[in-house]
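Look at the two complexes coming up: chain A is in both, with chain B in one and chain C in the other.
Then we have the complex of A and B:
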């Protein structure tokens, strides 16, 4: 049944019944307790990505590699990051495959990308909470493409912690205008992650910096709520 | 009709001045009008402008129209704007709102970010397909809006905590959208909370089907719709009327059937039934610690086990929906049953809480806890195995594949 499914995958396209690839679906489940099947399944899925099957078929394969993929799948998936039709679902797999290989593939792709594809990869680094990408993301906060800068801000917020907060604090000082609300939001998010990790002093320092009257009411409200949370954790 | 095209990129188009106005600092000194209209002062039918809640709606299809009507019936509400990626929905909605107020003032938008950037809007209601909910709720909170979000509030397990965090960060009132949790299941809630069943051992929820991947072929576009915005963070797929139909069917003929946009029947009706079950059993603030997958000759079913000892079954063979197993004869102290605040059902509850800053009946955290049941169930059925869930860490225990299903990548340029 698995063999038949891979044959069907060669002609898989929009409108193809999913029953034709059900064998792959079943193998993904069975592979949980069958290491040999998992390795074989992954290799066959990887191989499909280097053929001229439809973008829909490659997307289907990426969805499966998101569940069973290992670092062995990273080179094939990384190759899709520059392809508009498949970059998103390739990222779906790369966001989930553990280990430094997937993170490196995402980081290494950034210089080759622009616009939406670059934004997608930045978002995936954030989704992975890739602390090793903080330096790279810091360099994108001032990107001339405002959407790229925005994506980097959101990614740093997702990563959280002291290092991301330090980068964002620097960006806050250097920024004006409509970049400010999102950077502040990202810093508040970092403060929450610090507090969740019992780093009250660091979290409180961020909150205190936004309590002054020079800040909008919404920000002051958030900062004061955060300070209360810090205080309640102390008691 | 005033209409706005989608913005390029993902900037929210909010200037610092807009931001200050939104949050009432710079705007406070500038916003005093030279003349105050009788409408602004209020009359016997309408409260003064200062007491009104300015509302906008996002996603005004089948469900959104119902919510819109309920909000228009709230006398404190001044409904000023709506957003939808379908031109027909925009035209219909504007006509309805303008007729309601006897003017032409309702502004319509194709891009929700433009609506959220309006500093005059206090609250929004969201009734888009589920794959948009988290992004919109979080962005609305960032803009200082209170939010009424239709159920199912989340599409993935990861989205829930982020939505709750955004609501709490900015002190926003964010209500989920199942009116049935209180209104349909009172006949079970009242006797259980009165202690008549003793301690509850289990309850069964019957709801179906699971979501399916959508692989429908391309169709000629039969309506004026911004397809890229409809898809938003979901994987790209060609236009097909069934893919994006707002029909309430879950049989493959609406977006509710498909996993890129919905959790299928498990979340769609599950938001009601699981919500009712957790209310009946008073575990609205908890999440289960495991979901046990059973494959028997009588059918597949799940058992969600809670740290309190309660079990919520899903599709337990030979048991009806909301069948309750209690401990008759065991004495349990009666409790007061929570009610909506304000008047006008769940929508009135939300509006009341916007004014008073109390938590609404269907506070987002409780709504998220309900969605968790549906998502855990979908993953257990898909993987065909039992799963242990660490609610504090929001991850599965010792199951790498299941943990890969906690969230999914969003199509560029969308991010949480």
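Then we have the complex of A and C:
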């Protein structure tokens, strides 16, 4: 059944009935409790990525690797990050595969990418809450492509924590105009994650910095609410 | 430019639900000065949303008596709108340390919102000393009266019911019926004696309120005590309501025999003339043992008592005395009694009491055989509408062709067709019958309904 499914996968496209690849679908479920099957399935899926099957078939494989993939699948998935047709599903898998290998593959790909593909990888580093990528993302805050800079800000917001907050605070001082709201928003997000991790003092410092009358009403309101939450946690 | 503000907006909207962790710690000790100061500052903010953020903390966080007193001390510095908000929050906070400030403001403020908020808050942080004020306010108008009422329901402690009951008993305050309503809302079952006494009060409003309260709170042991209330009630609406309240108490007695015993015991406590007046109540309570009790009177030698008993059987909550009524209707030589018993029989036979539609229709067919006049036949045709079955339509349809019954038959067929589940399953047959109705009925509404049902449309019954 599994062999038949892999044969069917050669001609797979998004119009194909999933019954044709039911063997793979079933194996993905069974692999949750069968380590050997999982390893075997992963290897067979990785092998498909190096063939000249359609982009749809590779997309299907990426989806399955997002479930059963391990660091062993990272090189094959990383190779797809430059391919517009498959990059997003490859990233989806890399966002979910645990371990430093997937993060490294995403970071390493950044210099080779531009535009949407680069923005996508930045977003994936944020989705992984990859603290190790903070330095790389900091370097992108001043990128000449405003969309890239914006994606880096959002990724830092998603990663959160003191280090990301420090980077964003620096960026705030250096920024003017329409960049400010996004950075403030990212900093408030960092404060929220700090508070959730009981780092009240650090969170309160961020909130306090936005309580002043010089800030827009909604920012002050959010900051005051955050500060109340900090104080509430302290008592 | 909207997207950057998504986080800000979500934080504002969600009130930082995500980050409010560690509630146990939040309640562990008195709040820090910094926290209380921040709340105080925000309470004075002219922007309502900033105040709301602070009020949320007043309600749920920033614990400790000192903090409560600090918040309460802000009341005098705020405008009436903010005062009302803070009073409500202090009430929700539930710390009695805020009571004196709230009472002070209640005494000094002329603003209805502030006064209403203060009265409502007393229900949460007030004490026995506030109950008289709340009771007095029950005679006020609008929001303040409602707030006082809410507070008297909400306030904890037996002293509230005791004071309400004492005032009902003393009869010195107006709105006694409201006090009785409040006792019922508080489920003050310890004040049953006062309610029973009030059920025979000279004031009809007080009597009605007391019977309603007993209807909600009383049990088998109080059925006897409620009987004088029924007898004291004026015939008509008040008597009807009083009987329903006793029936409601009896309905809560699950065992049918115990239910009958409770009522029979109560009936044995009154004289024969009074007992006759209570036969209607017996009918409302129902039960097999009581059928025999009433049935004996309904077939006895005293004509006046017979009428009362037949009336009682006709009010039965289910169809169990139907045969008894048919038997009386068949045997009696008194035309009025015949009519009364036959009407009762048809009424009970049509009752939707858990029997099947077929059983109801069979009863109707039997009634039609027993009917002795066009009036009685019309009555049966009319009641056939309670058997939601195509067979009921088939039974009634021939009468459409008979001049004496055509109009009531048309009306009954349309009523049966109203039930889509009956009509749609037998559409062709119903369409044919409705065509006849359209042709014969002289009632425009009946014709319009027939046409709508034929088109598969619904009909909204006009409110009476």
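We take it that the second predicted complex is superposed on the first by the 234 of 235 C-alpha atoms of A that agree within 3 Å, B and C clash if a C-alpha of one lies under 4 Å from a C-alpha of the other, contacts with A are read in each partner's own complex, and residues count from 1 in each chain.
Keep this in mind: a contact is a pair of C-beta atoms (placed from the backbone, for glycine too) under 8 Å apart; a residue touches a chain by one contact, two chains touch by 3 or more.
Remember, predicted model here, so these are calculated numbers, not experimental data.
Look at A:232: by the touch rule set out above, it reaches chain C but stays clear of chain B.
After overlaying the two complexes on the shared chain, residue contacts for A:89 are found with chain B alone; chain C is out of touch.
In the superposed three-chain model, the partner touching more residues of chain A is B, compared with the other of chain B and chain C. By the touch criterion stated above, A:219 is placed in contact with chain B and with chain C alike.
With both structures placed on the common chain, the touch criterion links A:136 to neither chain B nor chain C. In the overlay built on the shared chain, the residue A:195 is in contact with chain C alone; chain B does not reach it. In the superposition on chain A, the residues of chain A touched by chain B in one structure and by chain C in the other are 178, 181-182, 185, 188-189, 192, 217-219, 221-222, 225-226.
By the touch rule above, chain C contacts chain A in their complex via residues 1, 3-9, 11-12, 15-16, 18-22, 25-26, 28-32, 34-35, 38-39, 42, 47, 49-50, 53-54, 56-57, 61-63. Interface residues of chain A, counted against chain C in their complex, comprise 157, 178, 181-182, 184-186, 188-189, 192, 195-196, 198, 203, 217-222, 224-229, 231-235. By the touch criterion stated above, chain A contacts chain B in their complex at residues 14-18, 28-29, 32, 56, 59-60, 63, 66-68, 85, 87-89, 91-92, 95-96, 98, 116-117, 119-120, 122-124, 126-127, 145-147, 150-151, 154-155, 158, 176-178, 180-182, 185, 188-189, 192, 216-219, 221-222, 225-226. If you check the complex, the residues on chain B that touch chain A are 8-16, 18-20, 22-25, 142, 144, 165, 168-171, 212-213, 215-218, 235-238, 382-385, 400-401, 404-405, 407-416.
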